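Below: one structure, written as structure tokens.
Naming follows writing order (A, B, C and D), and every chain is counted from residue 1.
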């Protein structure tokens, strides 16, 4: 079963909704495949209505990729404290082109940028390059079976963003290379800079919306307040 | 009917309200002309009271322009998921001067900067220039009848921001050229950097205010959580 | 009556509260002097409890200044639309030193940076300088009686921030000059960049908290939605 | 009693929760030691459930450190006004390594970066260095007994972040030195830039969530509104 969708020209809004519905239907399939989730807070029932899709996508001749922030999940301890359960990331999803403005979602590959990898991207100057290596099965018995590398390298008018996935189990190699303009990279940098404190969970430490328990009076989490004491009192 | 309004000197707040009321009355006319809107969420009745006007305006000798963010609209699917219906933009509105500090709102022309075009503006160095081309009727039978181009070009102390609109149907040509200082351009860059994640809809992916369904426990949209699994599990 | 307060050393938190209480008592006096305010929304009764004080202050040998954002005020029209009534600013307040770590609040002078002036400050490189001129009575019969100029000029390790106020009516001249380090100027730039969209009122155009009327579905103000149509439809 | 915890490799999420639980348990001990807090708003009872932990940590061979924002606390005056009671900071916590990926939390030392010190960090170019000195007991009879210095110095691919603590009372000297990559430093800069307005308390001056008392109409704190009048009217 081959699933395709057309690239959306930036100025044609007429087909936008249909395309996004199509993307969504794929994702619903993916969700179904992995619905045996752990019982953490993010998977509590009733959240189906909270799915929001707003990826930033770059469609080019041979491949496309999109960026979307994934927030950290928190676990509530018996004490009532919240602690990060799974770290957030910027998820990059790549698809190969299989025709003019057609991309193969069945060959989608993902790469989750950690906070520090996002920092690397944000800090890049016009002549800088970077490369990250992930092994999804690291430290398990399957270590080394799948190796992913993402590279960002400068070219004349922007960067090449490339993902390489080697799966020794399936004996497959996937390679995606997408040229991005300086304008597109500026969007990536600005959006990632915006998202970084959120994928770190720092928005929960600083947001006034978390501070309204005492009416309009701001507060900081009790423990941090004491940490501050520690420097002075120790 | 020729509608005019006076330029507001930056330090005279006395006439500010009147001017803004006048701008608003024009806009209400415009709204009336286009009130046969599609039945999406942004057009649900009852929103008349939510109109907010806070453009950033640059008034110069021959023309003026203003910037205002336009948020994306979302469609709610049967599944409860939200998907971008129309992409957001930074709307630029130009008016020609027709006298000292008088501008002709009947000759207003608009240009909606996409996220990537905003990225281009944000990334501009002091000697950089950029130009964008829009055809409002692209891919329709009217394609090519109206052609718009926006250019930003460096000059001694800032940039020239120019809009060119050629309407072959009405046989009209409009040209607006507004010199902006480096200070004004810094406001444009900072404001556009602030607005960019919002016109992309990323504020909905990261805002704690969207995460309060489970009390004070943060969560990420269920699907994204599974997308994160995908990198590790695939 | 001469009112004084001591400078707070950055690492001594013990006297912080007393100092701030003292500052506040001065400000209440000032408020009383000007309580014949216009009947706009910001002056609606009941807001006394919403006063929040968190200025960024730079205390130096001959003078001190502080920065604090002043939000725009909006007026609600009969149509329900909100329109900016008074533009926001970054208020700078200067006081001369009259002894070691003592400053004279009776000789306080203020200078309200507009959005564009904030842009000028944000855009400054290490060797740049800028100067702004204000006449509080511009366009009135008192024009020219009070002239204020604020300058920011580079020096070896940062900038000199200076305010000059000439009052021909009172025949007084006040001059304040405060050296700021690059670290202090970085705080000023970062804080002003953060505040700029807020003093422009753009936070009201982009904040999800303004978009909750239709449940969790985002929307943009109705009129802006139509403005977006305008580029395509005109 | 020696408490240890293992370093979490960035791509292994399986042990993440356990590690964080362990960190938390240490912190609860610390909180207990200092629970004789002043009766300010941040210590009001009922806040135990609001503890949130999301530090940014850099683990290296000889030591580790983490960053976490500490919000300012406010005091409500009889007039209803809020005034900063204790200034916010970015808390840095260092621990020495005592084996491969093992760190000694009993030898933890803290250093609270003030807003201006954060500005210094944010403003650092690739070749810049900075150093800060704190005396937790400054201006008390114990002045000089504990001296802390934090330095950030450039090296080939990033910076060395070092903390030096000399305690003449206990006759101890602690030294921590952690190399950070440019990517890690970019995360620190971006996260600190995000947090800076919050540790200054400016989010309370600008957040629309503080402005909803009059329905959807924005306002600015009453006093600030009058401060604005002051520039024009004085």
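Of note:
One rule holds for everything that comes next: contacts are C-beta pairs under 8 Å (C-beta built on N, C-alpha and C of every residue); 3 or more make two chains touch, one makes a residue touch a chain.
Just so you know, these numbers come straight off a predicted model, no measurement behind them.
Residues touching across the chain A and chain B pair largely diverge in numbering: under half of the numbers involved belong to both copies. Rounded to the nearest 5, the angle that brings the Cα atoms of chain B onto chain D is 180°. Measuring from the averaged C-alpha position of chain A to that of chain C gives a distance of 38 Å.
A separation of 27 Å divides the Cα centre of chain B from that of chain C.
For chain C, the set of residues touching two or more other chains reads 13, 49-50, 72, 74, 82, 86, 134, 136, 201, 204, 207, 209-210, 216, 232. Note for the complex: chain B touches chain A at residues 72, 74-75, 77, 79-87, 114-120, 122-123, 130, 134-136, 138-139, 193, 196-197, 200-202, 204-214, 216-234. Of all residues in chain D, those touching chain A in their complex are 9-14, 16-17, 20-21, 23-24, 27-28, 30-31, 34-35, 37, 41-44, 46-54, 56, 68-74, 76, 82, 86, 88-89, 91, 93, 109-112, 134, 136-137, 146, 148, 181-188, 190-191, 194-195, 198, 201, 203-204, 207, 209-210.
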